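Which chain is which? They are A, B, C and D, in the order written, and residues in each are numbered from 1.
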Amino acid sequence: MAAPVENPDQLVTSSNPDHPANLIPSLCAKFWTLGWVTGTGGGCSIRDDNLVYIAPSGVQKELMKPADIYVLSLKDQEPSLKERTYLRSPPSYKPSQCTPLFLAAFTRRGAGCCIHTHSHWAVLVTLLLEARGQGSPASKVFEINNIEQIKGFGKGMGKVGNLGYHDTLRIPVIENTPHEEDLTEFLEAAMEEYPDAYAVLVRRHGVYVWGDNVHKAKTQCESLDYLFQLAVEMHQLGLPWISDIPQIAPQRS
Amino acid sequence: MAAPVENPDQLVTSSNPDHPANLIPSLCAKFWTLGWVTGTGGGCSIRDDNLVYIAPSGVQKELMKPADIYVLSLKDQEPSLKERTYLRSPPSYKPSQCTPLFLAAFTRRGAGCCIHTHSHWAVLVTLLLEARGQGSPASKVFEINNIEQIKGFGKGMGKVGNLGYHDTLRIPVIENTPHEEDLTEFLEAAMEEYPDAYAVLVRRHGVYVWGDNVHKAKTQCESLDYLFQLAVEMHQLGLPWISDIPQIAPQRS
Amino acid sequence: MAAPVENPDQLVTSSNPDHPANLIPSLCAKFWTLGWVTGTGGGCSIRDDNLVYIAPSGVQKELMKPADIYVLSLKDQEPSLKERTYLRSPPSYKPSQCTPLFLAAFTRRGAGCCIHTHSHWAVLVTLLLEARGQGSPASKVFEINNIEQIKGFGKGMGKVGNLGYHDTLRIPVIENTPHEEDLTEFLEAAMEEYPDAYAVLVRRHGVYVWGDNVHKAKTQCESLDYLFQLAVEMHQLGLPWISDIPQIAPQRS
Amino acid sequence: MAAPVENPDQLVTSSNPDHPANLIPSLCAKFWTLGWVTGTGGGCSIRDDNLVYIAPSGVQKELMKPADIYVLSLKDQEPSLKERTYLRSPPSYKPSQCTPLFLAAFTRRGAGCCIHTHSHWAVLVTLLLEARGQGSPASKVFEINNIEQIKGFGKGMGKVGNLGYHDTLRIPVIENTPHEEDLTEFLEAAMEEYPDAYAVLVRRHGVYVWGDNVHKAKTQCESLDYLFQLAVEMHQLGLPWISDIPQIAPQRS
């Protein structure tokens, strides 16, 4: 268990705009304009070595301040813990129910940042998959290939480089639970089954996306939302998500 | 009747950004960017104890200033009053026709804030319901369940906690009237019939949303607009608003 | 013909944000964010008594400055004039081809402000009407009723008050011409045929909207774009623009 | 080969907001809000005489700074070069894979600015064309006519004036390749086949748009995105992109 910190507010006080306590509010304000964290939904967490910074529960995301941020130590944290000790707690908030899900990305994937959105493009994709048959295998994974933006994703934890244009991006879908923290075991199971995925969709709820650092998590989250929007529009236009496109070789030497 | 105030402009003069006279303009500017208060439509009112602050009629909502705000006392106010005494009136505006509807939320629900939008998602939802049969019971209530964002709503006045993921959110729909103040009796009747609802849709017009305080009213208004947009898109994709999703129990102890 | 002005730059120099030379740039920047003046299309003109201020041709609308504004005197100006004398011309621009159309709104309607947008909602509405039969009467006027936002429009020049909820808003549609100034005679003919309209749609092009002053022109332009968007979405959902909705009378005394 | 520059950072240091090193970041921030450069995709390059300024690879486009810009000399540059010498390289980035494509616009078209977007409207247009038959002639060019915004495009390199309302805008489509630089030869071939086009679509990827200067490239890119969006919406509404509209002559003398 983490030892108490003498001056906890120092943990969220910095003049550096790239300090996690400053970055989380500025990222969340941006996400609000994108419709990802409407109505206090969604959230964002950043890990700096063993320190984890988390937006609180139920805050207007475009109005968040560094003083609103929770800080905890990753040491001895199990995602499944029911009681958690925080190095720093803001006075008037409750911890986010997303905490164990963020921790799963940090502990099982070594992620440096995890973003959770309620983007309605994500929700619509899960609904379109569900319409293929509730509980069917086809409903449990989003697949798309032959779109340039797929290159925005890494090949997987510990692998070098990014996916290619012709590769198929696969994002598993888990079913939603009444209590958000109960998603953790299913998120972890999906991580097991899809070791290379940097995101997990939650049916009728949204998506969790992570990355090695803030830059990569944000890039992957933006790329994924772009692909979800494209997928919904392709569906409306009768265009399939998976296609067979011949590879073109450059002709000059 | 409220006694005259000596210096009425003091009622709307404060350096505190959370003072209602500052909050209403900043909220309305934000609502304008969301397309909720286009063309001077819609509005917002905040109650602070017995003082009620209201945006005036016919103002460009993204340009409003604290000096534009009306103030009245809730004491002895009946929503149905034809003549109203204002503690403070801006020089060049008319009172909002929404006033009795805002007052209904304050007096009958103890709300601290009420938001009225012309969001076209709200209007489209009322049109889709009307298409089920003008005047039919099915046309008179919007229902959706099994969407995470439903958790953004309280269970109802005086009840503890929020709706759950599997709960059905019900928003009654009233028919529009030629004069906005004539909506009041129908709004009050809908409040009677749906005591737990925090919002009433107005057919071909928009929505009234309230909450115990500004934070809750804004959260519920954003969540509702999110759900209306999702509902329209679900309809376009042939997906039903009400579904039968099995509840998932967490498996670990 | 207007006498030469001694210091023309004074005409566009003011510290008052509501001066037309300051308002046109701030309005156009706002219109750019709404997608109304994409790619230097569209424009805006304000009349202050006999002085007319016009945005130049081919300028990035979100970057416009007061120094970019043309000024001319309304005296002795005929919309159909081929040669025009400007009281003030910016150094590196050409006059807008919309000039005679703006002047038509000022001279024939006494308007104080005229806005021209290329909003794709306006264009789509003209395309949907065209699909009813190229050249047919049904293709030549946009009609919608029983939508609250219709109240955003005045009843017509010289008439008191605004349209009601049950009234039908009618916006004539003229065919586009290769040269924008050639639209003038058709715009004027549409004004004759629809004396109460505050706007004219131009097929496959956009819309001209005016009002007694900047406030009313902007309110009507926003309300119209809202209605155009709603109309396109209603069409996609199979909902008619004209409906027969029974009027509801208030029941309490 | 370009001689080494004594103080390379001077190349990107200027207090003039119109300096390419300042313009590229401000343009890219604007493009990000338009959804054109989501997830570090897309980019922008400006040529000032023989100096070429290029945004780096993999940067968050709305956060770019002048210090992030690459500079190279156009002299002796062949788009097909595998090794390139930069006059100035930012410390922590990699050169953009778009570099040879930007250079093709500069060397073969004398362009002053080239913009690459991943706009999903562009991608959807290429998908709709592909659905006409993979590899078919109809899938290899986007054509639209009789829309006012077409006037936003020049008639072609070395030609005076812009396209007219009735003219057909033609944008060739090339197939995507696994490596972006391999697009260069196909882009150049499309330039050969469509000498008057200021843009080339890349299937399932996005669009390259250029212009004689920044102003024209931006105007053409905005106009094109507007037309792509309109085209997708027209398709959804069952409206054809190519129509036969009679030309209207002005009737007054």
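To be clear about the criterion, a residue touches a chain if its C-beta (ideal position, glycine included) is under 8 Å from a C-beta of that chain, and two chains touch if they have at least 3 such contacts.
Which protein is which chain? UniProt says A, B, C, D = Methylthioribulose-1-phosphate dehydratase.
Quick caveat: nothing in here was measured; it's all calculated off a predicted structure.
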Joint neighbours (subunit C and subunit D) are none
What's the call on subunit B versus subunit C, same or different interface residues, using the half cut on shared numbers? different
How many angstrom lie between the centres of subunit B and subunit D, each centre taken as the mean Cα position? 45
Taking the mean of the C-alpha atoms as each chain's centre, how many Å separate subunit A from subunit D? 32
Give the residues of subunit C that touch two or more other chains, as numbers and ranges in rising order. 236
Would you mind writing out the residues of subunit C in touch with subunit B in their complex? 146-149, 152, 164-166, 215, 218-220, 222-223, 225-226, 229-230, 233-234, 236-239, 245, 247-248, 250-252
Touching subunit C in the complex: which residues of subunit B? 35, 38-41, 58, 60, 80, 118, 120, 123-124, 127-128, 131, 134, 175-179, 182, 185-186, 202, 204-206, 232, 235-236
